[in-house]
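Pasting the structures in now, so scroll down.
In the two complexes below, subunit A is the common chain; its partner is subunit B in one and subunit C in the other.
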Partner chain A sequence: MRRHALAAFVFGASAAAPLAIRDGFFLDSLILILMWGAVSGAWNVAGGYAGQVSLGHSAFFGIGAYSAALMATRWNASPWLGMLVGAVVATGAGLIIGYLSNRLKGPYFALATIAFSQVLLIVASRWRGFTAGSEGVPVPFRPGFWTLGFASKVSWVYLILCLALAVYLVQVYLERSRIGYRLAGVREDEDAAEALGIPSRRLKVMAVAASAALTSVCGSLWAQYVGFVDPFYVFSVDLSIRFSLNAIIGGVGTAMGPFIGSILITSLETFLRASFSDVRGGLVGIYLIIYGCLLIVVVRFIPQGLVGWFGQRFRAMRLHARA
Partner chain B sequence: MTALPQLLVSTVLLGGIYALIAVGLTLIFGIMRVVNFAHGEFLMLGMYLAFWSFTLWGLDPYFLLVIAVPLFFAIGLGVYALVMRGVIHASHNVQIFTTVGLSTALQNVALVFWTGDFRFVRPWESSIVIRIFGAAFNLSQVIAFAVALLFTLALFAFMKWTHAGRVMRATAQDGEAATLMGIDTDRVYRLAFAIGIACVGVAGVLISPLYSVYPTAGLQFVLLAYVVVVLGGLGDMVGALLGSLIVAAVEVIGSYVFGSAWKEVIYFVLFIAVLVFRPAGLLGQRGAEALGV
Partner chain C sequence: MLELDAVTKRFGGLTAVGEVSFRATPGEILGIIGPNGAGKTTLFNVISGFYPPDDGRVLLDGRDVSKLPAHQICALGLCRTFQLVKPFGNLSVEDNVMIGALTRLPSVAAAREEARRVIALCRLEALAGTAARSLPIGLRKRLEVARALATKPRLLLLDEVMAGLNATELREMITLIRTLHAEGLGLIIIEHIMAAMMRLAHRIVVLHHGEKIAEGPPESIARDPRVVDAYLGEEFVLAGP
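Moving on to the complex of A and B:
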């Protein structure tokens, strides 16, 4: 149980917070923290557990966002259905990208994924007949559970909390299951894993596809929550970097890492946005300068991330106490 | 086929400029084995340098080259010492995210200080149109091409005939053996990084009259430079030259046939296809990418 103490605390506090605090700004921040934590967790499935570092995950996020929005505006369908369609399309795209990952290593794979997200960005912003082009798609607000229209932010908190929990559990599964151990084997030494009879290629493709599907589901929910899909945002490289950033700061390949990273980064962003928004527009970029520097410092000095780092300290302390 | 001369001239002019951006990238990769995701941001800084000198002091971008080369060389040395040096022997993921972090930070430094407005540099050369055999282009393009070609050739000569160049090539081929021969690899990496950054900074100054200047201007060029570099084989300088011409041809012909809106899709698809089918590049040996990267 001790292993899940941090998760229980974070998710428990998120569930309890709306009961006490009804402030819109606070609830919005909480939703965004859980949302970005969940997407980073989805990224972590490929980038952390399978070791396939993608810098184009916004492609899958955008697929999810566009599926939900277009299904709702064009065919008046439920966003839940759009979410499903998005997940299927993203799985397909994930299979292709996963196949690429078998041929490409390290920086080559990262480059290919960036190119992939850029292709989708161009298609989404230029194919005016289908996606409404660079203007983006406004998502209609239709109240009700089936149409995913909640006026109250409290309902959104619980919905996104469910999403975050689901992503967390997927990651825990990848830590503790047979498949997870095999993936770790492939990540650490592919040749050795192959020699032991582990089908490394298939496992990597599966991990990337699963990560893509999860990211797409997050994208669909995000589109419904925000109410607008802008191609230059949902397919941007910046967004892909943000997904990986949370996981790296919190701890790549740890189930809680992406959420811890998101708590830090998202609150920092919200705080800086709030404090600089009235000064001058451009100053908002300050938080991104901090992001960049933080990223450089963290990968250099604590490459295992905060969760990994504290985990090590904690274990060392316990061993010390026992001795 | 009346458009043929125009397409040819545009391809060559564009290819020369892409080559200068790409040789710096491929030099850094070939010697340091680090993929520099922040390469485009130095291009962007070069463009801003040209913009501010032009607006504040009326300095023509091409006179600025005298300042730009040493300035970006110094910036390269500084960034190497502060950021790159510590990660040169680290894992790919650490290197990727170090340069990604650098890229994010630099982009937003530009955003905070100079806002996100699109800016333009319009010296007198860019309004002079030259027509030969039905092909039209402006003087800025020709100067940019000529200077880019000059720098690229100078770099080739440097790598081939000077002692420092030979030392750098030796380090690229086998870093450990180079160390055993008494080569200070840290100095080699520092020099390679600084030269690469100087090349791309100069490229930024050169292209400033041709494109608009804004904080994320580097992104489109860096992706393009990667297409070039991967086509030519990462680390292969002659390959980079050839790759630039191919990418320029694809871009020019693509925009002529499909309209300029879709040209990027064409070269990204080309990029992914090359990564998948010839990851070592068109000239590279099969399997080379697995050894080097």
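Moving on to the complex of A and C:
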């Protein structure tokens, strides 16, 4: 149970908070923290557990957002169906990107993923007939569960909390299952894994595809929550960096890392935006500078991330107490 | 059970392995020797599925496995170690070995049990919880063997697992290899330490410039003038094995 203590605390607090606090701004921040944590967790499946660091995950996020939005506006379909379609399309895209990872290693793979997300940006922003082009797609609000129209932010907190829990459980599965251990072998040394009978290429492709599908589901829900899909936002490199940054700061390859990273980064960003939004000294973009500094500090001093770092300290303390 | 039929591997204009043929029969320890760059490791890479041969065939139990990827060859019961060891550095010794065991076993619990058994066999118990990257080279070599053993091979290819070991470690490794052989495992060993090779191998294949120049029991190999010329040197023959 001890290994889930942090998760129990974070998710428990998220579940309890709306009971006490009904402030719209607070609930909105909570939803975004859980949402960005969930997407980073989805990123972590490929970037952390399989070691395939992507900087283009906004591609899959955008696929999910557009699928749900377009299915709703063009065919009047349920966003749940749109979510499913998005997941299928993203799985396909993930298989292609994952296949590339067998040819391109490390930074080259990351560059290819950036390129992929930018290609989708161009398609989405130019293909006026289908995607409405650069104007973006407003998502119609139709109240009800089947149409994912919740007026109350509290309902959204619980819905996104379920998503976050699901992503957390997928990651936990990857830590203790047969496939997870084999994937860890591939991440650590592909040749050694291959020599030990692990189909390393297939596993990597599967991990990237699964990560893409999860990311797409997050994108669909996000589109329904925000009510508008802007191609320049959902396919942006900024967003891809946010997904990886949360996981890197919180702890790559740890199940809670993405959520801890998201708590830190999302609240910091919300706070800075609120504090500097009046453009007094031209400090609107200051959160980007702080992101950069934070990233440098974490990568330089605690490359294993906050969860990894505290985990080590904690284990050392327990050993010390026992001795 | 393993048969090489005129196996050739070229890199551009360089023939790293040229028409090498031999058999490894079950229950025997086959040694492969030769000077640096003779093509020994390339040969291992071809046999274990890391490079497809350009010509010739690799047969395992009569089946052509030349085109199979490495992981399928491992599944067929042939596993290899790497000369430059490749531990899963951030994982514990036990997890390293367990990942090997998972190739045959469907459950993590069963694989962990198997890993403990193999770890005990290789005398790594005291280090089961240690991260592999913090092991010294001698123990990394032993971990490399343990991990390969956990895949339950019938034929094990060891690529210089004795290089860099101290005298005690070397003795332990020889004992381990003998134990494995006694349990019925077939072994092919690349090694530069001739004293160990002479004591262990039942038969030796000598490679030079990618070609097989001799094959036979250790005593005759040590006296073979071509081998002495290419690899062993006069002193070795005078000193005796």
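Worth pointing out:
Rule of thumb we're sticking to: the second predicted complex is superposed on the first by the 319 of 323 C-alpha atoms of A that agree within 3 Å, B and C clash if a C-alpha of one lies under 4 Å from a C-alpha of the other, contacts with A are read in each partner's own complex, and residues count from 1 in each chain.
Following the convention adopted for this analysis, a contact is a pair of C-beta atoms (placed from the backbone, for glycine too) under 8 Å apart; a residue touches a chain by one contact, two chains touch by 3 or more.
What you see is a predicted model; the values in this text were computed from it and never measured.
When the two structures are aligned on the shared chain, A:118 is found in touch with subunit B, with no touch to subunit C. Comparing subunit B with subunit C, the partner in contact with more residues of subunit A is B. When the two structures are aligned on the shared chain, A:237 is found in touch with subunit B, with no touch to subunit C.
Using the contact criterion defined above for the overlaid structures, shared-chain residue A:21 touches neither subunit B nor subunit C, since it reaches no partner.
Once the two complexes are overlaid on the shared chain, A:8 sits clear of subunit B and of subunit C alike. Of the two partner chains, subunit C is the only one touched by A:197; subunit B is not. Shared-chain residue A:182: touches subunit C; no touch with subunit B. The contact sets of subunit A with subunit B and with subunit C never meet.
Residue ranges on subunit A touching subunit C, taken from their complex, read 176-178, 181-182, 184-185, 188-189, 191-200.
On the subunit C side of its complex with subunit A, the touching residues are 48, 50, 69-71, 74-75, 79-82, 86-91, 95, 98-100, 102-104, 106-108, 111, 147-148, 150-151. Those residues of subunit B that touch subunit A in the complex are listed here as 35, 37, 83, 86-87, 90-98, 100-109, 111-116, 215, 219, 223, 226-227, 230, 261-262, 264-265, 268-269, 271-272, 275-276, 279, 289-290, 293. Of all the residues in subunit A, the ones that touch subunit B in their complex are 53, 55, 100, 103-108, 110-112, 114-116, 118-119, 122-123, 126, 237-238, 241, 244, 248, 252, 281-283, 285-286, 288-289, 291-296, 299-300, 303.
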